[in-house]
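Below you'll find a set of structures to go through.
Two complexes follow with chain A in common, the first pairing it with chain B and the second with chain C.
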Partner chain A sequence: MAINVSECQAVKVIAVDGSIDGKTAPEVQGEILPAVAGIDRVILDLSQVDYMSSAGLRMLLTLYRQFQARKGRIALVGVSEEIQDVMSHTGFIGFFALADTLEEAVALLEGTS
Partner chain B sequence: MSATRFPADLAALAPLRDLVKQRADAAGLSTSRGYRLMLAVDEVATNIVLHGYQENGLEGHLDVSVEVTEDNELVVCLEDDAVAFDPRSLEGPDAEDLSIPLEERDEGGLGIMLAMDGVDRFDYERVGERNRNTFAVRLKE
Partner chain C sequence: MIEGTDRIDYYPTHELGGYRARAGRPIPFGATLVPGGVNFSIYSTHATACTLVLFEKRASEPMAEIPIPSAFRMGNTWSIMVFGLEYEEIEYGYRFEGPWDPEAGQRFDPRVIVCDPYAKVIGGRDTWMGDPEWDRPYPHRSRLAFEDFDWEDDKPLEIPTEDLVIYETHVRSFTRHPSSGVKAPGTFAGLREKIPYLLDLGINCVELMPIFEFDEWENSRRNPETGETLVNYWGYSTLGFFAPKAGFAATGKYGMQVDEVKALVKDLHRHGIEVMLDVVFNHTAEGDHRGPTISFRGIDNKTYYMLTPEGWYYNFSGTGNTLNCNHPVVRGMVIDCLRYWASEYHIDGFRFDLAAILGRDQNGAPLANPPLIESLAHDPILARCKLVAEAWDAGGLYQVGSFPNYGRWAEWNGKYRDDLRKFLVGAEGGVGALAQRLQGSPDLYWYRGASASVNFVTCHDGFTLCDLVSYNGKHNESNGENNNDGANDNNSWNCGAEGPTNNEEVNALRSRQMRNALALLLFSQGVPMLLAGDEVARSQGGNNNAYCHDSEISWFDWTLVDANAGLLAFTKRLIAFRKAHPVLRRSHHFVHRDDAQVGLPDISFHGTQAWRPEWAGWSKALGVMLCGAYAPGGADDDVYLATNTYWEGLWFDLPRPRAGRRWHVVANTGMAAPEDAFDLGQEPLLEDQDRVLLGPRSVLILVAR
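Now for the complex of A and B:
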């Protein structure tokens, strides 16, 4: 599991590489939370995440609540079909902006698409 | 049926999933059904490690076997020596719970719900001092 922080058109992008499970979710969360402190828009690039269990959903829930509290928004990029199925089954999917590309995610966050 | 033994540690989840995925692929299960089976086993194994072993100060193993039965089912059997626990006794969220906005949502029970919903049949038995969790998916005729 690896985390890479970059920017796309002045929006912070956090890319996760690997599986998000009961072992790695707390590690991923521990790296993401400080990286998003105080910002109101973030793109989470999950295109290199091949697996996410309920531990990953709980991490998304924690992130969502932090952003919701400061009226911020989160966009997810490259979510695999299998992970989208799980997010849909658990009623998570409607609370996140989902995009195929970083540019599309930026547009969603800026409300221009 | 020979079992593969993993230490009861969260670090064992990835190799455990790899084993299930490999056997699901070999049995010809579709990608999406193989993923749901792998997720089901992973969720229950996570619960066993955290709540069965670690919370009780116990160490031990997860024994996993995978076979295709005469009834054309792919069956994963997950056994442990932790405290008795039947995942079916946990009440997962219902449709109403899942329609609650995320900011007000109770985050418990999602894993077990995904496990129960991810397979065609789930069974739990206490066999002597062991827990046996059985996950079965039908293969195409």
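Now for the complex of A and C:
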């Protein structure tokens, strides 16, 4: 599991590579939280995430709630169809803005801000 | 601020089996996530020792066995807090030591790892009909559940009981058919995708056949004639009362069934639809003395089961064993379970399978004041849940109309089903019985009101509506029991040919008979319940006990929605009519008087002549008029229903509605679709306000405005 931080049109992009499960979720969260301190918009690039367990989804929702509390927004990019299905079946998907590309994600965040 | 992890008692005090641990908390029972660890607690009166067994998920052999120190035992409970466990990656169970003395009711076997009765997730049947791995030790494994679902502002809907229109379905059957068009057929998620259909139909409560974890492979076998695998499809055989059925979840393979069920409930609620669960507390999946030890038998056999003085299992459920529901500990488990589903899953109501068993004492004798049923009626968390009893059992206790109710319990009205069916086929004496059923069965529920009566003509047990009018006898050969299983008293009539036919006259009559049943059901006081698929004439080929068929026999064929669009439209219109007219949904019985002097009594009966009902046994005609002034709220239209089960048409003289109102036609099953029913507000004026000709075996509904 690896995490890479970059920017797209002045929006911070955090790309995760690997599985997000009970073992790695706290790690991912621990890396993301300092990286997003003080900013109100972020894109999570999950195109290199092949598996996300229940604990992974819960980590995402926790992030979402933390952002929501400070009126921030998160967009997810490149979520695999299988993970999207799981998110949809379990109701998690309703909390997130999903986009296929980084550009779309930026537009989403700007459109809704 | 003090964080949860800062509590001074969440630190280990012991090192046991390589794990950091401390004395647990005896309550709540089950496995509960605590900061840094898991609290395990389990009860047994007769055990002498208890070992917590931990597995890596799906591993054959345990990764740890932790004998719970006797210092951690409090009363008859063993509890231990274990730290550093991967919540998602472990499975757990217990070994109990204690006497093996069947005659004394004791069946401890420390060789067997048993499942926690309070397990909130059970692994082992993660996907429907997945490889059961017959040789695997400890096949049904307790797992941990996250209990942090984000409900936002959802809560149970608390729709008044009398306003419900219940729709009974099997989760898998509803969308398993290839024609369903959903992404995850046969699952909770699939059902959720069909919410638009339910909304369009107009129902406001789904009643789900068992969704507690069960083993579809239980008693599985091959049908010797067809080679088809027969399974425990319905699931009236619970492995664990707190765990949802993983095989019904698209996400079961990821262990996320808990969230999937909650997402379904939340979405149904968002669309105004309640969720009622069919719960089976009368027995478990362990069968009799020949059955497997899965959980209860190996934990405290004598507590959990009703036993004869010789230690054999009483069998009031017809399935081998009987849960000892009125033992105080078992009663506590049942109450904990229902509270859990109500509070954690936001379930709106429960239908209790073979509920008469819940009123038997520990020797099987019926109790006058059964403590479990009373406790449920007065429970603070369940206070606004619907409680519905299937008020009979397989041991011959039949309590329809007399189930101990404490002003709370409703019943599946089996008399309603029987009398409606007899009336529909024109049986002698049918008119008098029908009059009671249309009124909400005051003969049965005279002091409880109409909302105590859940009315139905069909349910999962027995013929579908289409088969009720297509078969004289059951055709259960494919169940592999020589057609000996299933009910024989179906009160059905095939209308002139057994099974499918090209005879147009027969088919027209069947079509009419189905509409007659639906019209009477949706006009009756009390709570109507429809069997899923009856609105599109779903057939099971005459099988009236399809408990073992994971096949087209059981599945909802969605091509019928188009093929039988006329019947579907009729059903929708009648449901809409019911929902628009509170006079059909009174909670109190009629008094048969005009107390407010509005010009009509609240209810009046009629025959072919107005105000002259024919109650004689041979009579096949009945009219009933309800005065809208006596509707809840007092401002409804007058309505009139006439029914003719004679094989020829009959002229009915119409009673006059209140002054200034004229009769309009809501439905007439004697007419072909789409003239058989009309949309709200579009009901055509009846030309002749004094008489109407009602065709053979037909029902007419009028509204006066």
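The rule we apply is simple: the second predicted complex is superposed on the first by the 111 of 113 C-alpha atoms of A that agree within 3 Å, B and C clash if a C-alpha of one lies under 4 Å from a C-alpha of the other, contacts with A are read in each partner's own complex, and residues count from 1 in each chain.
We adopt the following convention: a residue touches a chain if its C-beta (ideal position, glycine included) is under 8 Å from a C-beta of that chain, and two chains touch if they have at least 3 such contacts.
On a predicted model such as this, the values are computed, not experimentally measured, just so you know.
*Asks:* After the chain A overlay, clash or fit between chain B and chain C?
*Replies:* After superposition on chain A, which the two structures share, chain B runs into chain C.
*Asks:* Tell me which partner A:E81 touches in the superposition: chain B (first), chain C (second), both or neither.
*Replies:* In the superposition, A:E81 contacts chain B only.
*Asks:* In the overlaid three-chain picture, which partner chain does A:K23 touch, first (chain B) or second (chain C), both, or neither?
*Replies:* A:K23 contacts both chain B and chain C.
*Asks:* Any idea whether chain B or chain C touches more of chain A?
*Replies:* B
*Asks:* Which partner chains sit in contact with A:Q68 here, chain B, chain C, both or neither? Use first/second/both/neither.
*Replies:* In the superposition, A:Q68 touches chain B alone.
*Asks:* After superposing on chain A, which stretch of chain C overlaps chain B: 260-268, 476-484, 494-502 or 602-610?
*Replies:* Superposition on chain A puts chain B right on top of 260-268.
*Asks:* Check chain A for residues that touch chain B in one structure and chain C in the other, and list them.
*Replies:* Residues 21-23, 53-55, 58, 61, 85-86, 89-92, 95 of chain A touch both chain B and chain C.
*Asks:* Within the complex, which stretch of chain B touches chain A?
*Replies:* These residues of chain B touch chain A: 10-11, 13-14, 17, 31-32, 35-36, 38-39, 42-43, 46, 49-50, 93, 98-103, 105, 107, 110-111, 113-114, 117.
*Asks:* Would you mind writing out the residues of chain A in touch with chain C in their complex?
*Replies:* It is residues 21-23, 53-55, 58, 61, 85-86, 88-92, 95 of chain A that touch chain C.
*Asks:* Per the contact definition, I'd like the list of chain A residues that touch chain B in the complex.
*Replies:* 19, 21-23, 51, 53-55, 57-58, 61, 64-65, 68, 81-82, 85-86, 89-92, 95
*Asks:* Please give the residue numbers of chain C that touch chain A in the complex, ascending.
*Replies:* Interface residues on the chain C side: 86-89, 146, 148-150, 183-184, 187-189, 192, 249-251, 254-256, 259-260, 262-263, 266-267.
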